[in-house]
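One chain, subunit A, appears in both complexes that follow, with subunit B as partner in the first and subunit C in the second.
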Partner chain A sequence: MKGQTFTLEAILTAFIILVTLYYLIISFPLTNLQKVHITDDVYVRDVFNFLENKTLKESILCWNGKVVYGGASADDFNESFNCSTELKYYLKKLLDDKRFAYNIYVTYSSNGSLRELKFVYDGSPPPNAISLSKIVVIYDWDNGSIKSIVPDDFDSYLYNVLYVKVVVWRV
Partner chain B sequence: MEGLKGQLMLLSGLIMLFGCITLTMVLNEYIQALSIPMDISGKYIVLDVENLVRKSIEDSLENVTRLMATLNVTNETLTDYISSNVSQILQDLANATETYYRMEGRYVNVDIDKIDIVAYNESERIVANANITVLITYKDEGLEARTVVNVNSTSEVVK
Partner chain C sequence: MIRNRSGQFKLDYLIALGFFIMCIVFVYFYSMNVSSLRYTDKEYMACAISEVIVNYLHEGCEPNSINETKLEIILTNPDVFYDVVNSYDVNLTVRDLSGNLVGSVGKVYPSSDVGYCERVVFNSSNVYILEVRVW
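On to the complex of A and B.
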């Protein structure tokens, strides 16, 4: 009886240890935890100021809703777009090649409520990640496959306003 | 007596199991909360909103004027038509911008102060001139910034 109790206790202990290990593994992102240098902030902001002016809106307009897993280095990057876009080229050259990882989320309004979509997903960001946001405006006269995902939420010639949130970190 | 002892040990084991799982879940939540990325937008939001407003005024004036060229709008109603459409677009954009930043815990106010639009219809073209002033206010926990944006834009569309 005593032996059985000890065995049961050992099984319970092993279970507790496994559950604890599992939670610890999923809690800590396995990336470089060095502090992001201040110049990274400036650099990342500059990159997205540059992309915002033309490329970002063009790419989002012809995005078909399929999440781009793995960033610009992903082989199937172009399968998420219904047009040729320079976004892959710029993201790869300006971020991937400089050892940055990034997630991009797109939020839109639908009948007064806000919905978030994953646009580019590179994994769970570490605590030292930085984020910034951009607003992309879609008008009735703009064309693109995004209109089949995002509804016309305004009575005016404004079609929808997208809140693009970017999370960037060093790898 | 021996059976009771075993049952007590089993119960203790189960209580410890639940305690450990709860503690790990609480720790996990805490670690996830620490992982929220640091937002570097800060005062640059004012510049972003300023650029957004400028670009939006130019885009909407140009495209609304272009739409007017395809419709039979008389010279008398042309200015009102362009003015009301551009105003509505800017107001909707201002509301959406405020909502999005509020979602992030920031206060952004976009106040369309003045819209002066003059448009005229000629036989071969439509010309519209807009003089628009927008006041932008930004506030977060440690920063308050204001700016006045004045945009003077002309759009000319050949019919």
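On to the complex of A and C.
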């Protein structure tokens, strides 16, 4: 009887230890959560305010639909575009060089429903990543390879409205 | 013999309890990080002052677009700078995209315990990084 009790205790203890280890493993963040400050949030918003006015629309217009894996540091970044774009330069200087990782998604409307495309993908973001959205409006007179992916969803001179969602985090 | 066994049982129990408490501590700190962005008072102040400077430099419709003449004025006239920021323990350093120094105004900042906020501003031809330090 005593032997059985000890065995039961051992099984229970092993179970508690395994559950605790499981909690520890899922609790460890993969990226450094401590480094995310309010200043990063302000900075990232500034960066995309700048990109919105400088090169974001032009780059998306000539995007050929191929996902850019690894951000601006990726060797094949330019293969995803049918025109020369300054996006790589600015993303590298403003985000990659300051140890930020980022995903950019482009959402468009098609027959009234929304569809999301991966534009730039750097991996799965941590839960406390900074996210923000920009709206890029495409008109009938805008030219670019994006038009072969995104349909004309409006009757007027409006071609489509893209929701550009950005998720940024520290690495 | 029985005493020894009893002692071992207590040790097992303590180890399990220790792991459990560690688990609670880790989950607690993890959830604190997830729930909110961390900031200190000085960082908050640096961001607030940087916002004042960006508002002063702002020109045009786009957010963060600036008047370059105003940037030159604020970098060359400390009086204007202190009037704008309304504080004395502030330093503004402006760099271009490559990290080259464009200008700096304000007192020399201490090496530690400094609130730091970085902003990106631009005009039609240039991009500048504003580094605001408060202590």
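Simple rule for what comes next: the second predicted complex is superposed on the first by the 141 of 171 C-alpha atoms of A that agree within 3 Å, B and C clash if a C-alpha of one lies under 4 Å from a C-alpha of the other, contacts with A are read in each partner's own complex, and residues count from 1 in each chain.
The working rule: a contact is a pair of C-beta atoms (placed from the backbone, for glycine too) under 8 Å apart; a residue touches a chain by one contact, two chains touch by 3 or more.
Keep in mind that this is a model prediction, so the values were computed, not measured.
K.L.:
Once the structures are superposed on A, label A:P127 by its partner contacts, choosing first (subunit B), second (subunit C), both or neither.
P.N.:
both
K.L.:
Kindly classify A:L94 by the partners it touches after superposition: subunit B alone (first), subunit C alone (second), both, or neither?
P.N.:
Only subunit C; A:L94 stays clear of subunit B.
K.L.:
Going by the touch definition up top, name the partner, subunit B or subunit C, that contacts more of subunit A.
P.N.:
On the superposition, B touches more of the residues of subunit A.
K.L.:
Could you look at A:Y157 and tell me whether it touches subunit B, subunit C, both or neither (first, second, both, neither)?
P.N.:
The first partner, subunit B, only.
K.L.:
Using the touch definition from the top, say if A:L114 reaches subunit B (first), subunit C (second), both or neither.
P.N.:
It touches subunit B, and subunit C stays clear.
K.L.:
Given the touch rule stated above, what does A:E9 touch, subunit B (first), subunit C (second), both, or neither?
P.N.:
Both partners.
K.L.:
Can A:Y23 be said to touch subunit B (first), subunit C (second), both, or neither?
P.N.:
Both subunit B and subunit C are touched by A:Y23.
K.L.:
Of the partners subunit B and subunit C, which touch A:I135 in the superposed model: first, second, both, neither?
P.N.:
Touch partner of A:I135: subunit B, not subunit C.
K.L.:
Identify the partner contact of A:T39: answer first if only subunit B is touched, second if only subunit C is, both if each is, neither if none is.
P.N.:
The second partner, subunit C, only.
K.L.:
Taking the contacts subunit A makes with subunit B in one complex and with subunit C in the other, which residues are shared?
P.N.:
9, 16, 20, 23-24, 27-29, 41, 127-128
K.L.:
Could you list, by residue number, the parts of subunit A that touch subunit B in their complex?
P.N.:
1-2, 4-5, 8-9, 12, 15-16, 19-20, 23-24, 26-29, 41, 44-45, 107, 109, 114, 124-135, 137, 139, 141, 154-158, 161, 163, 167, 169
K.L.:
In the complex of these two chains, what residues of subunit B are touching subunit A?
P.N.:
2-3, 6, 9-10, 13-14, 16-17, 20-21, 24-25, 27-28, 31-32, 34-35, 37-41, 44-45, 48-49, 52, 55-56, 59-60, 63-64, 66-67, 85, 88-89, 91-93, 96-97, 99-100, 103-104
K.L.:
Where on subunit C is subunit A touching in the complex?
P.N.:
It comes out as residues 5, 9, 12-13, 15-16, 19-20, 22-23, 26-27, 30, 33-34, 37-39, 43-44, 46-47, 50, 62-65, 97-98, 116-122, 127.
K.L.:
For the complex, which residues does subunit A have touching subunit C?
P.N.:
6, 9-10, 13, 16-17, 20-21, 23-24, 27-29, 33-34, 36-43, 46-47, 49-50, 52-54, 90, 93-94, 127-128
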